[in-house]
Each structure stands twice: as structure tokens, then as C-alpha cells.
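Just below sit the structures, each encoded as C-alpha cells.
In the two complexes that follow, chain A is the common piece, with chain B as its partner first and chain C second.
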Partner chain A sequence: MNFRNTWRACSSLFRIRMAEGLQYRVSAISGTMVGVFWALIECVLFTVFYTYSENGSWNNNGLSLPQAISYVWLAQGLFVLQSMNIDSEIMSKINNGDVGIELCRPMNLYTHWFVKSSAGKLGTSWIRGLATVLAGLLMPAGYALGGPASLPALFYFLLSAVMAFVLCSAFAMLVTAIRLNITWGDGPTYMLLLLSGILSGTYLPLRLWPDFMQTFLYLQPFGGFADIPLQLYIGSVAPAAALPGIGLQLLWSLIFIAAGRMIMKRRLHSIIVQGG
Partner chain B sequence: MQIRLREIRKSFKVYKRPEGKWGLLRGAFMRNVTRVDALGGISFDIEEGELVGYIGPNGAGKSTSVKVMSGILTPDSGECTILGKIPWKHRVEHVSKIGVVFGQRSQLWWDVPVADSFDVLKDIYAIPPGDYRLRLSELSATLGVEALLRTPVRQLSLGQRMRCELVAALLHRPKLLFLDEPTIGLDAVSKLALRNFLKEENRKYGITMLLTTHDMDDIEALCQRVMVIGHGQLLYDGQLSGLQQKYAPEVVMKVNTDAMIAAMYNDLALG
Partner chain C sequence: MLAEGKIYCKYLRMHLLSGMEYKGWWLMLIQVLTVVISDPIATVLLFSRFGNIGEWTVAHIILVYSLAVASFGLAESVCRGFDYFPWHLLRSGDFDRLLLRPRSLFVQVAASRFHLHRLVRPFTGICAAGWALGQLGVPLTPGRLGILAMALAGGCLMYCGVFVLTSGLAFFTIKGLDWIFLLTNASYQITRCPEPYLPRMLKSVFSFVLPMLFISFYPAATVCGWGYPRWLGFLSLPSGAAFLGVSLLVWRIGVRHYKSTGS
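Right, the complex of A and B next:
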């Protein structure tokens, strides 16, 4: 199949999956409430730590309090890009053997599912992400999401956020490929997804982790989920350092895609289509 | 020769829990693995335009061989060429020329209108727009699904959904159609309509069809040739009448119950 046909098929799949996701409006509302709730708790915690730390030591950790609070809000907004579990449609197809139907489509299964799962994630969650960010902007001064550090910072943030979407999708697909080994159960996938969530900085900004870990934290793949775009926005990483960061996201995306494709190809040779 | 299978073998691992009082616990640490031969060396040929019934008891290996032929499963050994291609090696090319209907699975998107699913299939199979419109209107007219095209799949009845599944499987003009229990759970009227439709498609376009079913009326109405499979072996391959001569020579008359019930439904204006 040539490139143009694949592209048409992908955009068509993307559309139908988005349309499906948009039907679940209540989930977007409840998701927003959870996001806002979390962000507020973190804002309170950070305010306490920054205000009452010994000799104000928290203020010299490379991240000011307003920066930390902006980071928290945007992290909740970008959180929707990360997978908490494998795409439910794909998961049920693996479990009940409908993967057979997917294999009867003249398309590479990896490409097919990459499009499906990324669209599925975006379909249900872009409203939630935007609403959370909007709520952050409307908060009273001390807890509000501040503006970007500069105009280039905003530009690089947006670019990097798009890359974060690709990176998250690529990682989700790698986990899905691993999950194709049905007898392993859910354990390994949840461990991988939780680890990636922690190392993405969503729970605690990576800048606040111990100094000796910083090089590792910068080079590891999961910072690209949230930390790289967020630090670009709040200005703790200068726009001059943006391109290496985005390049890192791109590099890890390519690695994840290559690994995912390879594992999936191997699995398909020995796949067991469940059920009669 | 459109389909050619030679000595296809496929076995699966089956995990068994140890028996006894502590079996549950012991099973968590060590499992007994047994190999079960689903297909023990199957060979057959199917010509273009044939309509073949494929029958056998549950667990005989019917679905497994259909999966091998549709490129989903890789057999352990043996040769298989379909339309000149090896299904599992050239999967993408192969599946663009075949259609599949699994009675127990759906290939339509659950939450969106039927027509949207068809549109996606159009793009996946790269069907030219003109041909797509033509084929869609033809298929939906014969199967009577025009009125359903804007309905979400989840709100269709089983019979309506099966008809839509057939449209979905035939949109891209496959040369080969695999039907795995297409009439399962359908009422008499829908069954008869489905059979007539399949016969017509086979006659008009010469689509080769392989029909797996437990409903012998399906076979009788549609297939000149039946293949019987059991324990992964091909046990019989030939005319349906041959089976009758061998196993039921004294049967002289029977009532076509499906036709009878369908006539009743129509009479009561239920169909």
C-alpha cells in the first residue's frame, strides 16, 4: 500500500475515533474536576514548603514558587496525553480475540493501532486538558497559572507539547506491544506506565529532585512527556536550550516506535487469537 | 486453483492446573503444559467460484483453519497458497483481496453510525470513491439496509447488524469470502434473506465462499460441496448427497422448517 493511501486510512481512522471519544462528555467534566482538585492540593503543598522551609532553602532550588505553581497546572493539563492504561478498545481486542479482525485489514497493525490509540486519547481528553488549563488561569492570584516566560518560550512549549503527544503515543504503543503477550497479564504494563508517570515530572517537578540525579532525569525518555515542555513554558529552561530538548523527545519517540514495531512484528508470528 | 492447502499443521499449548486439594496453589508455581493439535495435516483445494461448506463438531479445527487461510495465524508447518500468495507472509496484500464475516465478532465501530464505519473501510481498502458509491448502494439495496445507515451500530438488532457486516465485508469486492457462522442467532426470515443474498453474490461475481456453520440448512441451501473436519483431520470432501446416502439412506422426505417459520412470520406480518 502506498503512502497516500496509508495516510488517508490513518486520517479516516483518526476522525472516527475522535468522534467516538467526543460522545463521552461527562467523562471530560469529571476528569477536569479531578485535575483541578489535584492541582489545588499541590499548589497548597508547594506554598507551604516554599514559605516555611528552613532558611527559605526551597527558594534556591532553581524553581520559584510562581514557576512551580504554573508547572503544576500545566502538568495537569498535559497529563491527559499520558496513558494510565492501554487503550480500552485495543485491550478488549487483545483479550477476546477480535485482534483477528484487525489483522484482516490491509494495514500494518502497528500503524493502525498507533493511530487508533492516539486518537482515542485525544478524543476524550483534549477538552479536559484545555478546561484544566483554563481553570488554572482563572484561579486567584497566588494559585494561578502564570503567563509564559517569553513569546519564544510559548512557541517552544507548544512545539514540545506536540512532540510530547507523539512520544506518549509511541510509549503507549510499546507497552501495548508488550501486552500482546496475553498470558503475562496486566502487571508489567502497569509497572511501566506508573514508572513513566513518576519520571515525567507530573507528580513532582523533576527540577526538585536531588541534584545528583539531574543529568539522568534530563536524558531519560519520560521527561519528554511533561517536564521538557513545562520547563520551557515557565522559563527554567531557556529558549536557547529548547531545540536539544525537543530533539531528545524526537529521538526517544523514534526509539520507542522502532522497539514497538519490532516487538509487535515478533509477537504476531506467534500470536494466539483467543476464542473460537 | 484459488485455495491450495497442503499438510497444514497447527498446535496450541494448553495450560492445565494440577488436580487435587492443593492444585490451585501448586498451579500458581508450576503448570502442566500439553500440546493440543488443532490441525493435524489438512490438505484441500478450492476452485474459483466454488461455494464450499465447512462443517465439523465444536473444537474440530474449523476456525483455526479459517484463521490460517485469512492470514491471522501462522501454521507450524505445511504449505498454503491463496490467490497465489502465502497468507501469513504477505498478509497485507492477501487481506486486501479477501472478505471475512465472523458471526460472533463485529467489524463495525460500535458507537458511530454504520455509514461512518463504511467510510473508514473505504479509506482502509483504498476503494475509489465512484466504485464505493456504486457498490454501497447496490449492497444496501439488496440487503435492505439503506434505512439503517445513519443508526449507531449499538442500536441495531442482531439481524440488522449481520446484514451490515456483510456489506462491510463485500465493499471492496473481495475475490474470496470467509464466513464463520454467519447465521448464528438469526431468525428464519433473516436466515433465508442472507442465504439468497450469498447465492446471488456468488452467481453474479463468482466470489469464492467458504462457509463454516452448524446450521445444516445453510449448507443444504448453499453448498454443492462439503468438507467435514474432525480432530484436525479432513474426514470427508465431496457432495452433500454423498453424506446423505451413507448416513441417512432411508430419509425420504423432510420439512424445510426455516421456510415454514419464515412463511408464518410473513403471514403474521412479523418479518
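Right, the complex of A and C next:
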């Protein structure tokens, strides 16, 4: 099995899943509505806290209100990259025993599923993400998504967002590899995904977390899902500090991919195919 | 009516027993507990960084929030079937079988699912409300307990109404109902913001379209005496019932419109 064949198989898998995802346009509209509503509530909440609370005007750790609002909108846009659960097609394959068929293909299972799940995510979600961001740009002044801090900031944001996509996919595959052990049920993987969501900054910008946690929050892997690209965009992290951040994303992606491959390899040695 | 109630209880018992057959059923309890606890983290962290908003402390917000969450959880527990209806009963065509049985459709659909772990949410919510009342120094008199119980009952009716409304609309759209998330999990997020600071539009939507504030904020205000008219706190039950009534109407029209789907 040479590299070129793998590449061709991957790109066609990617295209198939993208086209499949694009079929569900109505669900993209629904998703956008939810995202916009969510972002609006967050905007209201931040406005209230920044304007009326006791320490709002000074104790914000260098994140101003317009920055926080831009952060909220872009976080809703990038949120689509994170998976709330394991790719449903792969999940059903694990549950009904089609894993056996997948193993017969002359292709590494990890690579195959990686491409499939990442394409599945991208297919439905990029419209939703873009639409949410667009809605953010069109909001009335107080609640609108602002422009990037500078031109380099925009460039690094885009670069970092691409990295975030790789990182999210790698993490989703790690979770899938763990889930291959069917007897555990959904509990552990679900909690892992929830934890990653909370620590990614989509719930609350990581800068607004307690001060003593900041170093930990910077180094932990899930900040790369959303927080690093977003901070680059709004300028609370200077473009000069962009490369270390993106390097961190890259490092964690590599770690997740290596761990995922290893766990999957070990699982496949002793896999019990369920169903029939 | 009594017979229907009996059937409902039998259904629930059946689901409960079948759920217990899975060895890891208690894992789900922990899972839901994690979700419920992690949900208000953002609010608590915001308060810890920014301090109080005027006289609004974290206990005020938790009280209102937990009332909303607990009533959502209650509705989820007793009306779980409607929550699943568009996805599992309607699209597969299994609904036809229910229509053939000479029993109340509402009871059959409502009791078509029951998960024990859904009770974690109301339980945690009620505990949190108790904690918040303790923090605020509000002693629990029978009168106050009555108002809170009415708020929970009204909220439960309202969220049951949301589920019934989704199911009713599902007859017309079959798919693409993700926006209903706005009325369920997203709706109680507005209770994280103190009511006086809410923009007027959000306030009217969540009092008159979905009576969210009537089942969470106003009862809390009446119980703690936050200077709102007292009678507002008693509107929880009627407003929840009214919402459920409208939803049932939509459901009725939907059932009449239904011409079987699936295979």
C-alpha cells in the first residue's frame, strides 16, 4: 500500500462525506439560529457584568468588553469544529459489528476514520459557522463582532483556526479509539468530550477564569480548540506570541494522533466484534 | 382517567426495570450529574472575577437558575416520550401502532420512554435552590414552600408544553427540528442574567411567548421579597398550564393531519 493510493482514497472519502453533509441544509439553518441566540445571551451577560458589576471595569485581565463580544461570536463560529459526540456513522459501525468489514479494507483504520470523521464534521458545519459569524457582523453596534486587531492578527487567526480543526479531529479520533472498547458504554467518552468543551473557552473566555489557573489553561490542550485562535483575532495575544501558540496546537495534535494510533492498534489486537 | 394513570405508572415501572438491566446504569447518573454541575460554572466564575452586580449576588442567580433547571428536569422525566417522539416514534412509523390502541394517546406517548438518570437534574436543582435560599437567609415557611412548589409544577407544565409543541410541529416538518433546542436547553440560560438588566425584547419574549420568567424569576422574587408585586409569583401555575394548553391544541391538529410516515 503506497502513499499515493492512500492519498487518493482519503481525498475521495473526504469529498463523499462533504457532499453528504451538504444535503442537510435545513439543519444548518436550525444550528445557526441556536448559535446566534446563544451568542446574543452571552453578549447581554457580558455587557451586564462589564458595565454594572463591582470589579467589571478593572478586573478583566486585559479583555475589554468589545473584545469579549467578538470572542463570543467567533467562539460560536468555531464551536462547530468540536464534536459533541462520536461520529454517528462510526459509532453505529462499532455497535453493530461492521468494524469487521472496515478491517478488511486495504487501508489503515485510523487514517480511514480520521478522514471520514473530520470530513463529516466539516461538511455540515462550515456553513453553520460562517452564517453565525456573518450574523455577528450584522448585529447592532453594541453586540457586533468587531474586526481583527490587525492584519497579521487575522492571518495568524486563520492559520490557528486550521490548526484547531486538525486538533479537534485528532482529539475526536482519540476518543473514538477509547470508545472501541464497547463494554464501557458512552459514559467515559462523553465526559471527556464535555471536559474538552469546557476547557476550550467556548463556555467562558479562558482569560476570565481565576488568575491562578492561567498558566495551566494556556498549556492544556483544549485551549487550542478555540481560545488560541480567538485571542489572536481579538488581539489579547499579540501576533508576536502567535507562533508559540500555534506550535502548542501542533504539539498537542501530534500527541493526540500518536496516542490515538497506539490505543487503536492495541484495541484491534484483541477486538471483539459485536453484533452480526 | 384513573385507568390512564394506572397505565402511565405501569409503563414507567416497565422502563425503569428494563433500564436497570444494564450493569452500568449508575454510570449514567454520574454522567448527568457532571453535565448539571458543569452547566452553571461559567456564571459562578464570572461572579468570582467581577463581584456582585449591585445587590445581585451569585445566590440570587443560582436560585432563579435552579428553579428553571429543576422544572426543565422534571418535565424531561415525566414527559420523556414526547422529547423522543419526532425522532423515534414518528419517523419510524411506530406511531401508527399507538393510534390503534383504545387508550389516551397523550399517556402512551408520554410514557413511551423513561430514564431514571433524568431525575438527577431536578434533584440537583432543588438542592441548589435550597442552598441559595440558605445563603440569602430566607426561612422556609409553608407559604413560601407552596409558592416554590407551584413554580416547579408550573415550570414542569411549561416544559411539557415545549415537548408537546415540538411533537405537534413534527407532524408537519418531520425533520429539521433542531431549533427546538432554543426552547429547551438554551431557554434557561436567560435566567443567568438578572432580570432588571435584561433587554426589554428578551424580557417580553420570555414572559409572554414562553413564560420563562413567570416560572422562575417572579416566584423567587415573591419568596425573597425583592420588591416586585406579590401576585406575580402566583402566576407560575396558570401561565405554565396556558402554554401547555396551546401546545396540546397544536398537537391535536397535528394528530388529525397525520397520514403515516416511515416503513
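The rule is short, and it goes like this: the second predicted complex is superposed on the first by the 270 of 276 C-alpha atoms of A that agree within 3 Å, B and C clash if a C-alpha of one lies under 4 Å from a C-alpha of the other, contacts with A are read in each partner's own complex, and residues count from 1 in each chain.
Heads up, the rule we're going with is that a residue touches a chain if its C-beta (ideal position, glycine included) is under 8 Å from a C-beta of that chain, and two chains touch if they have at least 3 such contacts.
Please read these numbers as outputs of a predicted model, since none were measured by experiment.
Touch criterion met: A:His269 reaches chain B, while chain C stays clear of it.
Of the two partner chains, chain B is the only one touched by A:Ala9; chain C is not. Using the contact criterion defined above for the overlaid structures, shared-chain residue A:Leu194 touches chain C, although it does not reach chain B.
After overlaying the two complexes on the shared chain, residue contacts for A:Gly31 are found with chain C alone; chain B is out of touch. In the superposed model, A:Pro210 makes contact with chain C only, not with chain B.
Taken in their complex, chain A has these residues touching chain B: 1, 5, 8-9, 11-13, 15-16, 19-20, 23, 97-98, 100-101, 103-108, 183, 269-273, 275-276.
By the touch criterion stated above, chain B contacts chain A in their complex at residues 12, 15, 58, 63, 67, 70-74, 91-93, 95-96, 98, 100, 102, 104-107, 109, 111-112, 116-117, 119-120, 122-126.
By the touch rule above, chain C contacts chain A in their complex via residues 22, 24, 27-28, 30-31, 34-35, 38, 41-42, 45-46, 48-54, 175-179, 181-182, 186, 189-190, 192-194, 197-199, 202. Of all the residues in chain A, the ones that touch chain C in their complex are 26-27, 29-31, 33-34, 37-38, 41, 44-45, 48-50, 52-56, 59-61, 184-187, 190-191, 194, 198, 203-204, 208-210.
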